[in-house]
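Note that subunit A is present in both complexes that follow, paired respectively with subunit B and with subunit C.
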Partner chain A sequence: MSDAATRRPNGLALFILPSALLFALFFLLPIGLMALMSVLTGNPVVAPKVAFTTRHYARMFDDPYYLEVIWTTIRIGLVTTLVALAIGYPLAHWMARIRSRTGHALLLMAVLAPMLTGIVVRTFAWMTLLSDKGVINQTLISLGIISQPLKLMYTETGIVVGLVHIYVPFMVLTLTGVIGRIDERLEQAAENLGASPLRAFIEVTLPLSLPGILAGSLLVFALAISAYVTPILLGGFQIMTLPILIYQQISANFNVGFAAALGIILLMISLLLVIAYNHALGLVSGQRELQ
Partner chain B sequence: MSASIEIAGVSKIYDGGVRAVDTVAMDIRQGEFFSLLGPSGCGKTTTLRMIAGFETPSAGAIRVDGADITHVPAHKRDMGMVFQNYALFPHRTVAENVAFGLRMRGLDKATIAAKVKAALAMVELSGLEERRPAQLSGGQQQRVALARAIVIAPRVLLCDEPLGALDKKLRQQMQFELKQLQKKLGLTLVFVTHDQEEALAMSDRIAVMNGGRVEQVGTPAEIYNQPMTRFVADFIGDTNIFRGERIAPSTGEAALDVGKGLILALPPSADMPGIGVLSVALRPERIRLSPRGEAADGAPGVTAHGVVENTNFLGGAVLYRIVLEGGHRVLVQQSNAGTDHLFVPGNGVTLDWTPADLVVLKD
Partner chain C sequence: MTKALGSSRLSRRRFLTASASLGIGTIAAPYVARADDPTLRITGWGGKWGEIMKAEIGPAFENEFKCKLQIDSAFPYLPKLQASSRSAPIYDVMHTNSNEQWAAAEMGLVEPKIDPKLVPNLADVYPYAISDKIVGVSIFTSAIGLGMRTDKGYGSVSSWKELWDAKYNGVRGGYVIPVNSLGQAFLMMCGTLFGKGQLDLDAAYTALEKLKPIKIVDFTGAMEKMLLSGEVGLCVIHDSGIYRYDGQNQPTDFVAPSEGVLSLEQVLTITPGSKMKELANAYVNYMLRPDVQKRLAETVWYSPANRKVKLDAKYDAKLLTTPEKVSKLIQVDWKWYNERKDEIDQRVNRIFRA
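Here is the complex of A and B:
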């Protein structure tokens, strides 16, 4: 009796069903297929004789070119994350602490406004700014500051600029939530005890906002390493990242198996980061969980 | 060394013209337990925050031992503060919390450790050094906050409703301990509270605030026995307030006609010239109660007859609400002298008092 009662599912649990189905159908299934493809010699739908193989992975790790691509992708992700954090933290702190409701609304709009425009449009806008005949170079040349146009586009810097612009809102919104929950009186207590405002920030606010820093960084990094449009347009295929390589393998080389292996590697990088994030968060707030 | 504080005509006007604090002036003496008492929104916390340096006065000056600190930043004021929610650093241990102020003062590790140990011993928290604030009870957190504030030997200790979150028993215990500690260390302590009992029990002097202004400053006995304004009389303890017109009856003594057939003889001190409208307060415990018909009819102006409407048994005392013959409702408090002497609703009673117990109020 009691056993049946405790096992009877909560009626509300049914509401999870649509999202569970969606998740299984469009997330687990494709990833499972991708993992499968990455260890097959060919596409089982068109080629009847397929066998298991590790050659896709072996190819990746044998050829320094692919390792270089992976490293470039991670490097762009790291730099984008750090710059987004440097820009986003002060803004988030301001937003979390601003007293005026109007001020808060204006800041929020300023942060969200870029997200109302498509990524492609925003990237094109950056191209008009960054290209050799773009606004920045033309201005600097006409002012006589430089004689040759700076190489802003088709470089990693150009890609990072475009990515930071797109992903700063994610950083700001994540951080604002966390900083907003830190009691202002903690900073005041620190100041009352003799800490300068800067010291109070370093001793109290910064460590307490670490979960937000980690979450925001994770989000931006994962988005940046999987970005496709911006690296293509601002990198002009001269900077190769994993997503671009995957696209090429599928559309130009028709090497689905290798593309799947690259995809798995991209997924692994993100997954490792999530694990590291959870671990770091556990260390940061571990003592708080003791309660 | 403890300091004196002078608050000279301080106002705080927020954007939008809200006057949170309106030309407040008071002198807080060295080593004094001084309470700012008032309902929420009366400006007591804003006043405290201006002393601490978290708010800047719109006008006026704050001086500590004669030196103007109005524009000195909070971290250079050398004051300890206990916050309403304690504001303990959640990511640090008890010992680290207490050590914080000492660390900011650049003391060496050995000195810090010794002082932290002594401070925790003083608030009876030895052994909990390595706990986090979240692992402590409310009372323990309160003690940590206190230790953190006094370990830096502040010139002034500021407390913003520090006992508000504790249950009644613990609260009373902490009241005794805080008061004892304050006397032992000779601290100048500014204590913000909305609880009049707490203020009366602990303070050397109290400033009663209302609507951003100071209504009265005085010792607990002065505040209770000689309230100057209607607000103070009403806010501190139970009281009966009568408002009426001053008359000079045939007897020659000044009296107050409060309507519905009730005339109160005014105390001799209230010899204000002329005739006018004024309010008087009469504390419930100053009224004597006897069964109707037992007492001889006293002089007019100091007696009244009525019927017990309601009783409120307080334990050591009983609070009666009595409807007078004219319709006035009056609170009367009698000490509990045993069940034989208790009145029940419906009993006819006679009330009497002496004119000296009436306090004339400013509106």
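Here is the complex of A and C:
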């Protein structure tokens, strides 16, 4: 076999061209434009005199308010991820190990059912439950358990509840595939050697499912920190997150440059997370890093 | 012979082709027929305003001026105009509130004034509609005051300051100031109520701090729903947001505070790069016509800007239809406000965060 023959491009590789073009057009180009807008004084297409500036980033780091908003966004993302993992892992484990095909189908339907309804509708449903005149507060008041409504909405807890409900299916579906591929005989071997079921789970199943935990967590965190509808409806603008601030800058302050800088920061947070994920995955799979 | 007969038979393929052609033709016919009509691109609200514009006011304008009206009711309008080319703007006429119009004028996206020679009805409007606080022309206004529940035994309300009464803790309603005109106007009112005037921001911030706990929403429609559901008992709202439920036996009422009501103007401006200037001016003139003003005012409960409009008694009693009533309107200096908007936003975001 000659070198020329081995270097000849695979004809099937051409099939990737449309998706590569799509990716370049609808992802790389907008991100590139956003990065450019974040370091310009205005829009060069419509404004006559535009110069490079770092003022949008300086504004963000000069004022602790924006750093607080960034931290609030990350905090909501982290808590949502942890709660989604705590709820999703047992469910995914059950789905992966259930013997009955009907049972598996029913569980899958239960997990997927919320995804068949729009995020706005689901969030409004939470509002009818959590508001001062909502089902929970009115029930507790009518039972005489409380006299004043509990502050369930317009809090970070309310936002996390809404986000967890929306993103748990992403965690479950990611984990189910990974847990399902773990050979059950490994757990059985551990138990045969004297390990309790809990110890077998902790020392065998849990480490082997780490790639799924990391992938599911990455997905949920990225979705949670970029969520707009749920934080705005359940937070009532009293909990400011980066996506809300970005929308505010575009729709009410008409400051596209600052909004772009905030968008770049949001993207950087996600990118750092992906890098950390790659390293972590490399370590748990026994490699120094993913090639 | 057989072949000839066969060719005239209606096959499934022919039937489907004919049906598809007929369907496409039916759908496309109005567009093809009006392909040569000039198109005026405007912005406008949804809800009742959008319904009547689509059903009556818009089609009547199209018939009279032999044009097509393309209405964008997907907010926010200004960022879209900002992103479009100055020489080929996305809108010919922009309809939005006064604060945004000022921002648009500062960016050179809309013409600051309407030419009275091209819009004759401008001669008949109340002075506030073309005052130095207005970019373009205000075609309608609402009065921003207080909305209250009448079934909670709160007693009568007559002053803005009663919003600070501790009995409204938990049922007090306000707005997300950075994104809402009513919220921004109310902030200026706080300066007047507790400080040296509209421009006294420090007094306004102190007053806003004392308003907590308060339920805040981003748009007036959400406030209307909260008031109707009883989530709030006393709130900042415009009169149309209460009066539009007239006849539905809702336990809500509008209060015009003794210190005066703030003006929420519905403003029209023309974009400098519009290729439809003549039609744009005709549209502004049309919207100021007494018959159009009357129809819209009695549908959405906005106070007409044209002095010559005679509303039916029911509307005349509640809306701002006389020079005396109009004189109670307090206009906000939006130019001054917009110059400080970033600073104000940062401060109020801090005040109202949970």
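Note that the second predicted complex is superposed on the first by the 279 of 291 C-alpha atoms of A that agree within 3 Å, B and C clash if a C-alpha of one lies under 4 Å from a C-alpha of the other, contacts with A are read in each partner's own complex, and residues count from 1 in each chain.
Definition applied: a residue touches a chain if its C-beta (ideal position, glycine included) is under 8 Å from a C-beta of that chain, and two chains touch if they have at least 3 such contacts.
Since we're looking at a predicted model, the values are computed, not measured.
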Superposition on subunit A - do subunit B and subunit C clash or fit: fit
Which of subunit B and subunit C A:A252 touches, first, second, both or neither: second
Touched partner set for A:R199, first subunit B, second subunit C, both or neither: first
First, second, both or neither for A:A51, with subunit B first and subunit C second: neither
Touched partner set for A:Q148, first subunit B, second subunit C, both or neither: second
Which superposed partner A:M240 touches (first subunit B, second subunit C, both, neither): second
Cα-centre angle that subunit B and subunit C span when viewed from subunit A, reported as a multiple of 10 degrees: 150
Partner chain in contact with A:N43 - subunit B first, subunit C second, else both or neither: second
Subunit B versus subunit C as contact partner of A:L116, first or second or both or neither: neither
Subunit B versus subunit C as contact partner of A:L12, first or second or both or neither: neither
Superposition-derived minimum Cα distance between subunit C and subunit B (Å): 46
Set of subunit A residues, in rising order, touched by both subunit B and subunit C: none
For the subunit A and subunit C complex, residues of the former touching the latter: 43, 45-46, 63, 65, 131-133, 148-149, 154-156, 232, 235-240, 248, 250-256
Contacting residues of subunit A [partner subunit B, same complex]: 183, 185-186, 188-197, 199-200, 203-204, 207-208, 287-288, 290-291
Contacting residues of subunit B [partner subunit A, same complex]: 52-54, 73-81, 83, 85, 87-91, 100-101, 104-105, 132, 134-135, 148, 152
Subunit C residues touching subunit A - in the complex, by the definition given at the top: 75-76, 78-79, 82-86, 103, 107, 170, 176, 178-179, 215-218, 229-231, 341-342, 345-346, 349-350, 352-354
